[in-house]
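Both of the next two complexes hold chain A, though its partner changes from chain B to chain C.
Presenting the complex of A and B:
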């Protein structure tokens, strides 16, 4: 019997709580703990033929390249490995263990975020996610869901094409032998896109009952809201808090003005609503507690998340409350996968 | 004759005392190489004086900092040179430095570069420390500030004296206040944290095993 999917809102809270530590700092204790939790949940919910293995491997390679890049370009630190001549552009100077360790922690943080995304892709009920969004975002949600499944679909197609070609005696020896793989992959991708487009067209995707002028006004307001929002994000980076707050308020008002226009008259019906069950309560509850704990520590003691081994290698500060909060995020393994 | 000897000994003593305690003559002897001074002012007003000898006729301001031996953290920006992120343990992290060169707000302090003019005034460096030239007898100033330098009025000779130049061949450095220690965890805290991380790994492994068993049974 197929198990009913868990409410997507519980998974979103879990993902935010788990992604927060690797995104706000590079303290090895929370970053490594988050990686362990993300890896365990990803393994616990691993399905067959998910197609994300390539992405995880690619992220691993990127993390490894990041370590090398960090060592070669950051010439700071007191634990020197060796020194390259200064006449070498960019990489000339001392190479340090400090840079290697920081690059390694950054790579683990990157892998953690990728694992969280992979886990979400596996466990989320995308139909339920689309239904949770307001009617006005239905089109956006459909496009987002299609885009999100593009990578695993392409991965699966590549595997199938490779197996078929190997059965025909294909033996790849280098980049020049990639043709028998790439051409069918491209052709198959175009064919799938055409079929998908026809299917969406047949279901009147993108049609509207409202006047063009109303849609143009709505689109203009949304574009303006996004622009102001991006400027607000830049103000946040500059620590101009007041300006950022004003811009965010303007962006919110513009979004509200754009969305308050009457819908296009094409309503959606629901056969059944997704049930909020005990599993969702466990995951959401544990994640909410963890998120609140992390935020409290982030405000009261930011050093619990931050660490830099420059200019001298120091032992990172260990905050047991943060580690305990992250441990709570193993809750998805305690409920039925 | 006895009086002449007394006068000669007295003059010799005065000369010796003067030679020992007098400030070095800046740029007086080309065979001794070049010397330049550094004045660093931290946020709490603590001052560091350094007197650096170098064989070249001129070096850059960043090179002077490196040769002075004061704790320094820089971020490289390729052909644009190096940005000063931390001096004497004060400043911003390398990540922040790469993003904003420590300037995190309109009036936020950063390591501002000054050069002492011929009349003893502190003039903001317009070229940046990677490009600026420091020659024999020059004095560079660094202050963790957003506007005014707050650096003391001083002469190159006085910088050499305060730094204690002449005691050794290496750079001479003197600080009005000791350096602050960076925030770091203790070994006990680290041990407890490592134990907790190990316990989490065990629980995670058990959880994965249980989840797989449950799924295969289903």
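Presenting the complex of A and C:
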């Protein structure tokens, strides 16, 4: 019998706290620490979710390409590796260690976010997420759950297609040769989506859907709430705390207005709900503390997350509070089965 | 008897298709009946089934005429989600229809959508788990179940909504014989004990005819070519499509016509008592005295951290057709993939025509060894069938004449068509043509008859014999014992990654509790196919 899943809300708080440093800045200390934490937790929960290997490899490849691209195209910085002739378009000029290091940190940030996503895929019970959401978001949650499972499925399909084509004598030599891989991948994906759509219809999915007019009104209010929320987040980054608080209050009211109308479709029922247990408390508690710590530092000392190696190389700031907060995000390993 | 489903002048064409998929369908299915729809691929079976719960036309779009009534509900008025309480639907591929990861969650999913109260939901989950014999697996992850168990989960999920009609579209086509038996036994119980109306489309008649009350043989456009009990309809069908036990019954004039091995045994006993003689059992042909073109020695390979092949020694000679058989997970696919370098071996050595597979790139090996995977349509990408074959030839020094290959596979008219516009069976043949046009001297086939109708299977057998005569060495992983008995020159049985038997089909399959053909179960000895006893 498998171990009972942990409440998805705890994992969401953990993911937000861990994704924040690589998303808001390029300071190598928090970014690398986040990468180590994400890698450790991903390894700790590697029991399931096969098929993501291709996604991780692809992200690694993109990160490596990013480093090379940065070095070749960003000709700023004072630590010069070598200089390419100016007549070379785009890449002509000095190649610098500044650009290489910044590209490397950006690549690590990308890998960190991918690893967080992989871990969520392995640990999240998407059915629990679907059940947790109000009826009006059931469709959204189902689409999210299906899309999330499609990523590893697509990874597996790509491997199978590549093997089938190689066994046919095909050796891709560049992007222009991608047709034999991409076309069957897309066609197969569409065929799978059609069958799944039929299966969902045949099993009464969507019976709880609300009428179109109600849905349009809700959608408008929610879109407005999200927009105001994004502006509020920008205000936080600018340290305009009062403005941010007012905007967040407005976003909350708009969300409440959107959700207060009862659904006019069939009310869904829930077969089972995940119990909030000690493991969820540990993960959510540690992650909430880490998130609050990160936000406080972000408002009071944004340099703790930022690093700008141009035009001159500078040593990044190591903020121990931030690093400590990130270390707290190893909490899932403490409650791992 | 009350009609459960009635088709009134139903006609249908898919969007952007001039040809009608269904043409003036006018018949009904009685309540409590177990009905089988048989007939060639592309005859409209799946379309017809989708009319019963309204997926056609609500989901498919297209031009729909006439009326389908299911227990008084007009499917053009009610969308499939509303019909879900009346019609349960089970698709061909169990994996493609699951939304959740756990058995009980999957069964509860439909009920949650319909707002069934939680206590009722719990009771129904337990009931359907018992009905399909999955009670012990209620908390298991679906990904860890066998194919038969997964399809029974799909049946249970459909039953949980307490439908009056259960519709199944080739539910055993992706399953091994044991998985198929599990599913069909569960369906038989549902029909016998609960009186559930069941409508089933299936190609593998040998598996299903013993379970059904009524059979409809469909021709083009869903028109009924023959209708009645299986004993009425089977004599009207092409011989290749008739289950072997019924072929023997027809040949020997047995009445009533046997539909199962059990029925057939009674007739054999009657024949024996009457002193009816049968010809002596033929013998296996000897192995060709030629040097092997494929040689694997001490081969061990792992998959997902588990060793799936243990010290396998294996050889194939020119003109041989070797069938790899064994339960799912016994290592058949891994062995095939190890032979062309797609799967890296842990230990041992594989040589193909003198080339060491470990040190030769699979693309270079592809010059001499062709591999058709389980889902061959995923290799198709070109705009036309002709372009698909030209693509293979562009990676080869030589090759075969594309026209000849297409003709061999019954695709002579399809050269200018887009592969994705063809039926599933035709696409599989295009994929096979795309491999064969390269002129491989060794051909590896992984489950080539999955979902194939009788005619396509007959064409495949003819093609394999043609290739054997040309000296092509063929290795085929399959569960299809009747196909193996018809055309294999050698059978290798794998069990837990080890070779447990290797020899001629008569020596290997005869008397086997799991791999014997229907004819062998009737007569024993070295008898395998109906021709042996007729």
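We adopt the following convention: the second predicted complex is superposed on the first by the 237 of 337 C-alpha atoms of A that agree within 3 Å, B and C clash if a C-alpha of one lies under 4 Å from a C-alpha of the other, contacts with A are read in each partner's own complex, and residues count from 1 in each chain.
The rule we apply is simple: a residue touches a chain if its C-beta (ideal position, glycine included) is under 8 Å from a C-beta of that chain, and two chains touch if they have at least 3 such contacts.
Keep in mind it's a predicted model, so treat the numbers as computed, not measured.
**Student:** For A:239, is the partner it touches chain B (first), chain C (second), both, or none of the two (neither)?
**Tutor:** first
**Student:** Look at A:44 in the shared chain and tell me whether it touches chain B only, chain C only, both, or neither; answer first, second, both or neither.
**Tutor:** Only chain B; A:44 stays clear of chain C.
**Student:** Look at A:173 in the shared chain and tell me whether it touches chain B only, chain C only, both, or neither; answer first, second, both or neither.
**Tutor:** Neither partner.
**Student:** Who does A:320 touch here: chain B (first), chain C (second), both, or neither?
**Tutor:** first
**Student:** Output check: A:33 vs chain B and chain C. Expected answer is one of first, second, both, neither. What do you get?
**Tutor:** In the superposition, A:33 touches chain B alone.
**Student:** Contacts for A:192 in the overlay, against chain B (first) and chain C (second): which applies, first, second, both or neither?
**Tutor:** Once the two structures are laid over each other on A, A:192 reaches chain C alone.
**Student:** Once the structures are superposed on A, label A:3 by its partner contacts, choosing first (chain B), second (chain C), both or neither.
**Tutor:** A:3 contacts chain B only, not chain C.
**Student:** Would you sort A:311 into first (chain B), second (chain C), both or neither based on which partner it touches?
**Tutor:** A:311 sits against chain B, while chain C stays out of touch.
**Student:** Using the superposition described at the top, list the residues of chain A that contact chain B and also contact chain C.
**Tutor:** 1
**Student:** What residues on chain B touch chain A, complex-wise?
**Tutor:** For chain B paired with chain A, touching residues are 71-76, 78, 86, 93-95, 99-100, 104-106, 108, 182-187, 189-190, 192-193, 196-197, 200-201, 203-205, 207-208, 210-212, 214-215, 218.
**Student:** Which of the residues in chain C come into contact with chain A in the complex?
**Tutor:** Those residues of chain C that touch chain A are 50, 53, 55, 58-59, 79-82, 84-85, 87-89, 91, 93, 96-102, 104-105, 108-118, 121-122, 125, 139-141, 143, 157-158, 161, 304, 337, 340, 342, 361-363, 365-367, 369-371, 373, 375-381, 391-392, 395-396, 420, 434-435, 438.
**Student:** Quick one: in the complex, what on chain A touches chain C?
**Tutor:** Listed in rising order, the residues are 1-2, 48, 50, 125-127, 131, 142, 145-146, 157, 160-161, 163-171, 179-184, 187-188, 192, 195-208, 266-272.
**Student:** Considering the complex alone, what residue numbers of chain A touch chain B?
**Tutor:** Contact set of chain A toward chain B: 1, 3, 26, 29, 32-33, 36-37, 39-40, 43-45, 73-76, 89-90, 93, 237-240, 303, 306, 308, 310-312, 314-318, 320, 323-324, 326-327, 330, 333-334, 336-337.
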